[in-house]
Amino acid sequence: MSSGPAVRVSIESSCEKQVQEVSLDGTETYVPPLSMSQNLAKLAQRIDFSQGSDSEDDGAEGEPRDREWGKQETEEEEGTLKFQPSLWPWDSVRNNLRSALTEMCVLYDVLSVVKEKKYMALDPVSQDPTRVLCALQTPQVFQLISKKKSLATAAQLLLKGAEKLSKSVAENQENRRQRDFNSELLRLRSQWKLRKVGDKILGDLSYRSAGSLFPHHGTFEVIKNTDIDLDKKTPEDYCPLNVQIPSDLEGSAYIKVSIQKQAPDIGDLGTISLFRRPQKNKVGTQPWHVKLEAAQNVLLCKEIFAQLSREAVQIKSQIPHIVVKNQIISQPFPGLQLSISLCHSTGEKKPSRTSPDKPKPDDHLYVLEHNLHQMIREFHKQQLSSVVMPHPASAPFGHKRLRLAGPLAYDKAEICSLQQSEGLLEKIIKQAKHIFLRSRTARTIDSLASRIEDPQIQAHWSNINDVYESSVKVLITSQGYEQICKSIQLQLNIGVEQIRVVHRDGRVITLSHQEQELQDFLLSQMSQHQVHAVQQLAKVMGWHVLSFSNHVGLGPVESIGNASSVTVASPNGEYAISVRNGPESGCKVLVQFPRSQTKEVPKSDVIQDSKWNHLRGPYKEVQWNRMEGRNFVYKMELLMAALTPCP
Amino acid sequence: MGVATDTETVCHVPVAEGKSVQQTVDIVHKKLEQLGAVKHGSFCVDCETYHATGNASGQPSKLLYVMHNSETPLSCMALFEGGPCLIADANFDVLMVKLKSHFQNAKGHKVECRGSRYRYCDFLIKVGTVTMSSSARGISVEVEYCPCIVPGDCWNLMKEFMLSFLGTNVPELPSVFAAKPEGLFAPADCVDTMTQYLELFNKLRKLQISGSNVR
Amino acid sequence: MEAPPVTVMPVTGGTINMMEYLLQGSVLDQALESLLHRLRGLCDNMEPETFTDHELVYLLKGQQGNPFILRARRSLSHPNAPWHLRYLGQPEVGDKSRHALVRNCVDVAASHSLPEFLNEMGFRMDHEFVTNGHIFRKGGMKIVVSKLSRVLVPGNTENTERLSLSYLVELSVLAPAGQDTVSEDMRSFAEQLKPLVHLEKIDPSKQRH
Amino acid sequence: MADAVSVGVNLDAFSHAISGIQALRSSVSRVFESLKDGMKNRDSLEGREKLFLAEFQDHLQAVNRDLSELERLSGLVGRPSESHPLHNSGLLSLDPVQDKTPLYSQLLQAYKWSNKLQYHAGLASSLLNQQSLKRSANQMGASAKRRPKVQPSTLVLPPHYVDDVISRIGRMFPDMNIELFRPNGTSAVLLVTLGKVLKAIVVMRSLFIDRTIVRGFNENIYSDDGKLDLWTKSQYQVFQKVTDHATTALLHYQLPQMPDVVVRSFMTWLRSYMKLFQASCQRCGRFLQEGLPPTWRDFRTLEASHDTCRM
């Protein structure tokens, strides 16, 4: 508002409106009282129209304006009596100008009030129409123009800024679309080894710097992508930099490790089916990076396979390892075939060189594949770390440990352990053996546990395993009698070739990889458990153990292990229970009655006397399967309870 | 990796009456095999003697012994009698060649002890013939009980073991161990072994000097 | 375990007649960073390593001739590492076309009782110093950039004083006698270090006097 | 008691009265029956009316008769005694002469007995719940409810609790050095160094011992990469044997409810190997048997014997 142009301003003071005439006697003639609209205008100037762009000025000036008015009035009142020289010759002019400004402000405010129809509607006032018009319209037009102008400049500024912004955004997009070759190269340089040979830029994707000894050169060439029309819309993944990798490293590859069974008795191994799909490009990774990583993976797989096949040829084993093109076949256990194959699919076409056992791709042992990768990297690391810097610095280079061997007087065994390092193939075969043995042991235990309900088998697998060893605790119990029947507890240490069983009684048994051995052993232990349980139960029930044998020499011969037996007598010695339990023949329970209670005692001429009544009577077999009770021990407890006379 | 420290003792077995050295060794071998010990390669301990040539101070110089043990094939032990000892790698021998103007090898003093190693559970037994200037002088038996590192702890056990194949010739606890405060077979165990061998060699040498009619 | 491994050497042995090929030079402290940078680029891809060693020089005076010198060195940064006992022969005069100093050398790794033992042998310590710096490797070549400090109080390696404001740069190769090709490699490597440092063959015996 | 007699006499009248009521009811119902049926099935209206009226009259008379009969009977029954509406039980509410009734002392006695019974039952139950008689952990009456809570809590113990228990046990045996590691997550691995004889690695799962391996004092405890070597068995036969025995001990010492007791007893047992090379066999008196010292330690007496001698 204050930015109004240099306008011709009428100097005519506004005070005319108030004081028309001051007579000599001091009486003043006032203009007639303000009309309704004038009054309103006056009031309106007190209102703070905060939405107006210049409301601040308004508010700031509102107050002084009022005071000015008052002051002026008083001045005018006394002006004639004693003339007060103003401080400044143009003071009155200034005052008038200011009041003119004030007027305009008011007008503007009124106008804005009027324009916003919701506050009030303006009606023409009958009184002095021309004056009103001139007072209202002229400033309005003037204000409008000035407003328009300033708005226009502001709009222009904004437009300029917007244009700048859009331009820079467009530029950015343009930039992204057609990347700068050099910046790409810089990025490539930060992640890959590059060197300049002649006019070519060559890179190294081999693992040589990480300790690999694989002879593949692993070189890639950096090419500038120029065959693109910059005017046309470029594809999303366009990159000015391209890499050319050796043709034999193209595509994707993986090492497939699987165990095939020649006999169907072996459970499934590695049935997880994870089908490989090409890795989704992560957002923000450059296409060349993906390409190089894939090529590096191919190279690593090739190195692993080359190492394995070299070892397969070198190692002498009873059943020689067979290397056929891209497959190594080994026989860890009789009837079992471990095959390691290099699957390399090049480009778009279907994998043509994959292993022959394509129809069942689910026997891939991912754990072993992973371990192979891990082992080759360990091998690399070993290569690097074996050539550590000597300390003190004057000492010659050499193997760190071997340098210690002399002054620390290592003996032969220690020196051997420094030098020998098992090959990749040996390790992986050992791991495969262990994995196989472990999963089959688990399966054997589980199938026994599900097949046989009484006694129960529980297996507690250790929470920490090694690649070559894992252990499981096997508990054989009877339901409801866990506390007293815990004589059969075994720890199975599953190794590479065999399973070592530590029995609770201190025996150590070594089982071979044959499944039948473990199963037979567990079955015989379960059979023994029942007899042990009777023995324990007898203690609890107050019965006396007359005889106990883990391995009975009498009766039918068991095909697995031996039958065991126990004989217990009731607390008062009247009754006796004999139990014989065999892993195959099952259990047989006999009860011996006191002679006095049996009716059909065979009459004998010899034992007529009453004292012979204390002799034991005949045995009767209990029809065990018709006994009440949920399991063997429960039945036995019931039987003992029944045969224990009430005191 | 630590160093295998264990308890071992070296003793001298007198040659049986009316038998040659080789025959006596065979008898011991047979006894060991009867016990169940398994032959496990061979071993060799040798000892060279050096003495300083020019001694500035004039005082009688001590003898320097440089020994090797096939049990620690990469090491070379250098000992002064009753003095400090050094364990070094095989290059020490080369250094001794360089030093030959200052330390002279006593040619006739080379002692060697060769024989077989036997393993019986955790015991390692080495029966060897001691040779001085290419003539057999005596028999040494080294018994090592690998799992135990405190000689005093397992001495009874070793004695019982040695009784079973040496008969009455069981030695007393070697002075090397008795002198140690803790009785611990220190990390420098190979030095202790070498000291025992050195004592044995010196004993045999003295026997040779005092009475050359050992056999 | 039974059959001794192939690489286990015979009871008496060691590697006879090893030669050290040596080039030496020095850089000022200010130039150290750029030299290290260059070396990191040129040398084998290994973690750059620093070292702090304490070297004792022993003399054995015989009745005639020069005293016999042995250098015993231990690592202060790796206190468990064995001591290194070193014998260095006189530089070979040989033909002038050879690019490096060549001298006979015996390296012995020894137990910590070494100083005591040397004393017993009759050796006397002549002087000692502490050296610390960086060590690099390129194939068989060893590049040691080190700063020498004087030991002020005998035996106290904490209390040292720098000898100069520059670093000693040594390029050395250990090889059996007669392998003169290594000196060629050394020369080309030294070329690559120019102009940061000029490595030359310096005859210590001539330097000393 | 007189009351009882009179009631007994009246009972007869009661039953008569009841049957009287029944008769009255049936006659009343007959009246309504006939009223409901109304006049029907008669030839003439007059006859019908007459008959109906006569019938109705008869019925009413019967009702009258029955009613009077009932009234007579009710007189016989007589008024029930007002004071004893509940008969014998009513007596209870009467104020008894306390000194004369033995009720209080009887109550006291009964209370004493019940107390005693409860006490003895408690004793008996605690006796019956004792280890020797317990058949299963699942059977205990009180713990049956608690079990689902107890079981997981012993399996999942906070690590600091395990640390606490282990350090307490470590303090119990000054000649045994127990170090605790957690190389694989929360489950602890203990490295027990027993004098200068042996080192044992004990792999724990919370406070349960999973497995253990024993090696000689001078053997490596750490593998090349500086981690605890939990797998490589000892190169010495003695310690291989001791490892087997220790595994047996783990199977022997089992008390799922109190795992800390198990750890303590195992450590006590392991400590008996302090004199592995010094003790002679308690059975045969010798040091060596098949080249091995007495490796077996009895689980109760900790007596040393050869593995071959113990049977």
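Think of it as A, B, C and D in the order they're written, each chain with its own count starting at 1.
Here is the rule we go by: a residue touches a chain if its C-beta (ideal position, glycine included) is under 8 Å from a C-beta of that chain, and two chains touch if they have at least 3 such contacts.
Since we're looking at a predicted model, the values are computed, not measured.
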Taking each chain's C-alpha mean as its centre, the one farthest from chain C: D
Chain pair with the higher count of C-beta pairs in contact (A-B, A-C): A-C
Gap in Å, rounded to a whole number, between the CA centres of chain C and chain A: 52
Chain centre separation in whole Å, for chain B relative to chain A (CA means): 62
Chain B and chain C, separation of their C-alpha mean positions in angstrom: 37
Rounded Å distance between chain C and chain D, as computed from the means of their C-alpha atoms: 82
Set of chain D residues in contact with two or more other chains: 235
Shared-contact residues (touching 2 or more other chains) in chain A: 403, 406-408, 412-413, 415
Of all residues in chain C, the ones touching two or more other chains: 4, 8, 107, 109-111
Every chain pair meeting the contact rule: A-B, A-C, A-D, B-C, B-D
In the complex with chain B, residue positions of chain C that touch it: 2-4, 8-9, 11-16, 60-65, 68, 85, 87, 89, 106-111, 113-114, 116-117, 120-122
List of chain B residues in touch with chain D within their complex: 1-6, 36, 120-123, 145-150, 153-154, 156-157, 160-161, 164, 184
Contacting residues of chain D [partner chain B, same complex]: 196-197, 216-220, 224, 234-239, 275, 277-278, 280, 286-288, 290-293
Partner chain A, residues of chain B touching it in the complex: 1, 3-4, 70-77, 87-91, 187-190
Chain D - residues contacting chain A, complex: 131-139, 184, 187, 203, 205, 210-211, 230-231, 235, 244-245, 247-248, 250-252, 254, 296, 307, 310
